[in-house]
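Take a look at these structures.
In the two assemblies presented below, chain A is common to both, partnered first by chain B and then by chain C.
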Partner chain A sequence: MENILNYIIAGLANGCIYSLVAIGFVLIYKSSGILNFAQGTIVILNAFVFYSFTIQLGIPMVIAILLTLAFGALLGFVIERFILDRLIGQPILAVIILTLAFSEFLKGIMNLGWGTDILSAPQLFPRGNITILNIVTLDYSRIAFLVITFFLIIIFAIFYNKTKIGLAMKATSDDTIAAGSVGIRVRRVFVVTWIISCITAAAGGILVTNVMGIHIQVAEIGFKAMAVALVGGLQSLPGIIIIGPAMGIIEFLSAAYLDPLVDGGMRDLVPFIILLIVLIFRPSGIFGWKHIERI
Partner chain B sequence: MWRPSGLFHVNYSQEIAFVQTPFQWVMLVLGLFVTFALPLFIPLDALNFFIKAFITITAVLGLTLLTGNCGQISLGHTAFMAVGAFVGAPLLNQGVPLILCLIMAGLAGGIVGLIFGLPALRIKGFYLAFATLAAFYVIRFILIHYFGGVVGHNVPPPSILGFSFNSDFRIYYLIASTCFAMTYFTKNITRCKWGRAFIAIRDHDIAANTLGVNVYFYKLMAFFIGCFYAGVAGLVLSIYMGWASVDHYSLTNCIWYLGMIIVGGMHSISGAYLGVFFILGIEEMGIVIAPKLAELFPQLAGSMIGAVPIIFVGLVLVLFIMIEPRGLVHRWEIIKTSIRIFPFSN
Partner chain C sequence: MLQLVNVEVRYHEVILVIRGISLEVQPGQIVSLLGANGAGKTTILKAISGILHHEDGKVSEGFVNFQGRRIDKLEPYATAEAGILHVMEGRRIFEHLSVEENLLTGAIMHGNGKTHSDLEKVYTYFPKLASVRKRTAGYLSGGEQQMVVIGRALMGRPKLFLLDEPSLGIAPLLIKEIFDILNAINRDEGISMLVVEQNARIALDFSNYGYVLENGRIVLDGPSDKIKQNEDIKEFYLGLSELGSRRSYKDFKHYSRRKRWL
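Showing the complex of A and B:
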């Protein structure tokens, strides 16, 4: 019994990160209609940059975190300005291949810059466990994950629903032309969207590599987050915030109880199986409801 | 279609003939002759390049049909290749004739492709791309856990009528013939009823449906045929490698294949050929340059050889899609037209 609870809490913590990264996808998709397959690579690139700032350059932790977030923002700006603005209106295949090729290009650069070994990330939170009522054992980093992602999502929700630029983003995602005609500067909204998306990627990268280590393979978290986004429904931010932790829990439980049956590896497979089933039976995702790309 | 003046078709068989003008006959015979005489004159490195290119063309032709002609994006193509290899390799080991093995590999790839193409009946675009990406991981998992994917299967040199394909020199002929047979097959599919149905679905599926094209049937058939190519190419690749392992069928390769059809020009066979030679050429250039760069930057030497080709190809693909998204074939058509109408071209 205590085992199950432990798995659930660990899954919850991991799933929050999926939600965080998936928000990045969904924002871009809603505003410009582009699904960014390179998100996972951007996540891990930010983690590598964070590693360089802290371990290689010896910058204090808090400043390094801020610098990494700033790097993420810069990356988003550069990608939007120089690559993606030519892509609006291009066939979907071109968009997909461009983001995938860009992601491979970034992987090559990371391979050159930081090698292929697993680097251990700087310790963000003190090591140790607390035990609640002798049932659940939690280590500090998992609790920190939950708290931090919770706060980030709250901040994001306030930003998206209350501030002027957030409302402009909402309007643009609803109808680009109408938004432009009431005086919203759509191009600027796109840039802001990309910057926010890359900042969430940076935050996700700093957090997730803290438990997984820094390695190019971690980029597959991007695909898992994309699975979360599609299962939740690409239109729906609340759906993603719910599905992310749920997916994390299912992942950890299946790793615990299905792995002995198929000798390992279930954890990386379950999100994709769930995605395939959901796409066949409910293509708009569990919480998506608006127009969907289907026949 | 543009034809030289003075060429008149007086009956249907002339109209649908595969080769129509004497010039095309000359080019065809010359092309075949050059291809089959090539191994006699070039060094082994270059021969390996051409072998790789012909295998890739076989796989990419499937994508040309599936993605270029029918508009269904597949990010699982290399996984279907792996299915072909893992079905064909044990059969070859048991002494089943080569031709039968190739057909079985193709059918296996096609049937698995059909199953994972089922989501295409309800979704398209980004959703379908991601569904096929999920299929890639699922197939890989199944191959690794139930078919010994990591260790793989030994593939013995196959033989036809006592002629054993046991050296790169001989395998070249097997691979080139397979590739040309598949090219002929593709050409015929694209100009028959099925090919026109595929193009109709790509251009507008709802309009195609109202015109009486059975969209569901033809989408699934596109997946079946495209993945048939993948299966055949997968087995041929494992014959060339002498070993079938899932590591030969990576996601990166699949991305490159899709890039090749964009770089070449999405919906033509010549586009597939151009794209494959262009991208493989860039990759080869990266492999050649990497050791020299490693001498210049000794502190990065360790990862240079793996990283430089990927950086090169990735960068070229990104630039290509930004600058010329319609592909090399489009550029070639412009040049050809301007030569044809010479004094009046700009």
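Showing the complex of A and C:
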């Protein structure tokens, strides 16, 4: 009983990060139809940059965090303005393939820059844990994950639902041409979308490497986030916010209870089995848009 | 305020769709553009608003002027900022947004404090929208959706409306209602309008001046009353013969061969 609760909480904390990364992924998909296969690589790249700022350059933690988020924003801007801009008018598939190529390119850069060893991330939160009512033991970093991702998602939700830029993003994702026709600067919306997406990736990178260590394999989180996005429904932000934690919990439970039975590996497999099942029965995801059809 | 001078439009650099037309809209005027399917009516509106650029189309000869400024190279957002609001064919609402959110998107480009009073103004012209303001726009009826896109354009405080077949697929009674409201908007807000219609009767009743387009050329233009009196227009677009009765299909075919030189 104690154990299962611990797994659930740990899964929940990790799953929140999936949601965070998936939000960035989905925003890009919604606004432009691009599936960004580089999302996971961007997550880990930001974590490496954070490592350099803190461990290598000795910049104080808070400033390093802000600098890393700023780096994420800059990266988003550069990708949209200088790479995707050249591909306007090309088939969307070409752009998707380009994100794959870009991902490999970044991996090469990271190998050159930071090597292939697992680096240990700077310690963000004090070590230790608290036990609640003798039932659940929570370590501080898990609590911090939950609180921080919760706040980031709230901030994002307010931005998306209450600001003009958020409204412009929603309109653009519904009908790009119509958005332009009412005076929305669609190109600017794309840039903002990429910037937000890369900032969420940076936040995710800083957090997740705190428990996983920093190495290129962490880029796999991009695929987990993609699975979360597809199960939730590619257009549904609320769906993603719900599915992320659910996926995290399922993942940790399968690691705890299934892995011993089959010599491991279930932890990474189960999310994709779920994805498969969901896609077979509900191709547009659990909370996905059904195309509005009025006849 | 709007002039097209010898405008030629090509898609994909080669397909010549508009073959040198000149057209003008005066301040406060309602101008209609008539023509059969594929004549190039929508293309002309796209050339004015800049949506052409998104379809690999281009003004290859001539130019488009709006208030003394050349606009045929501008993106849609820029022509919108200049005061030209294009209400596109087929009611392009943001279907997952609410009615009110749809209207608010029209005000994004202005970004100052008058949004609220603009919204109230739209609800005054379209009282029906006020009662469905929280509804998801995709589920509205066709007529309501048409009101949403006109209201959304009105939120952009336009000087000129480009209206592409606002009557398409809407019940006759509602068509009348919508055109009455457009008339009121023209009168009270002083917004000029260039309206494309296949329904010539509605368009000529609504407008002050008309152009008739065939195969990318203007074959007739004049005050709407005059155009209504034109015998060929009566026959071909209004479906009336000299005697005021419908012609048989056989005559119709014969006529369409003859009408080329018109």
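In this section, the second predicted complex is superposed on the first by the 283 of 295 C-alpha atoms of A that agree within 3 Å, B and C clash if a C-alpha of one lies under 4 Å from a C-alpha of the other, contacts with A are read in each partner's own complex, and residues count from 1 in each chain.
In this section, a contact is a pair of C-beta atoms (placed from the backbone, for glycine too) under 8 Å apart; a residue touches a chain by one contact, two chains touch by 3 or more.
The shown structure was predicted, so the numbers you read here are calculated from the model rather than taken from an experiment.
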{"item": "Combined model on chain A where chain B meets chain C, clash or fit", "value": "fit"}
{"item": "Touched partner set for A:Leu100, first chain B, second chain C, both or neither", "value": "first"}
{"item": "Partner chain(s) touched by A:Phe48 [first = chain B, second = chain C, both, neither]", "value": "neither"}
{"item": "When both partners are placed on the shared chain, which of chain B and chain C touches more of chain A", "value": "B"}
{"item": "Partner chain(s) touched by A:Ile184 [first = chain B, second = chain C, both, neither]", "value": "second"}
{"item": "First, second, both or neither for A:Gln90, with chain B first and chain C second", "value": "first"}
{"item": "First, second, both or neither for A:Lys170, with chain B first and chain C second", "value": "second"}
{"item": "Partner chain in contact with A:Leu230 - chain B first, chain C second, else both or neither", "value": "first"}
{"item": "Shortest CA-CA distance in Å separating chain B from chain C in the superposed model", "value": "17"}
{"item": "Chain B/chain C common contact set on chain A", "value": "292, 294"}
{"item": "Partner chain B, residues of chain A touching it in the complex", "value": "29, 35, 83, 86-87, 90-94, 96-98, 100-109, 111-112, 115-116, 223, 226-227, 230, 234, 262-265, 268-269, 272-273, 275-276, 279-280, 283, 292-295"}
{"item": "Sites on chain C touched by chain A in the complex", "value": "49, 51, 54, 56, 75-77, 80-81, 85-86, 88, 92-97, 101, 104-106, 108-109, 111, 136, 138-139, 141-142, 152-153, 155-156"}
{"item": "Contact set on chain A toward chain C in their complex", "value": "89, 164, 167-168, 170-171, 174-175, 177-186, 235, 289, 292, 294"}
{"item": "For the chain B and chain A complex, residues of the former touching the latter", "value": "67, 73, 75, 116, 118-119, 121-127, 129-131, 133-135, 137-138, 141, 144-145, 205-206, 209, 215, 252, 255, 258-259, 262, 266, 300, 302-304, 306-308, 310-311, 313-315, 317-318, 321-322, 325"}
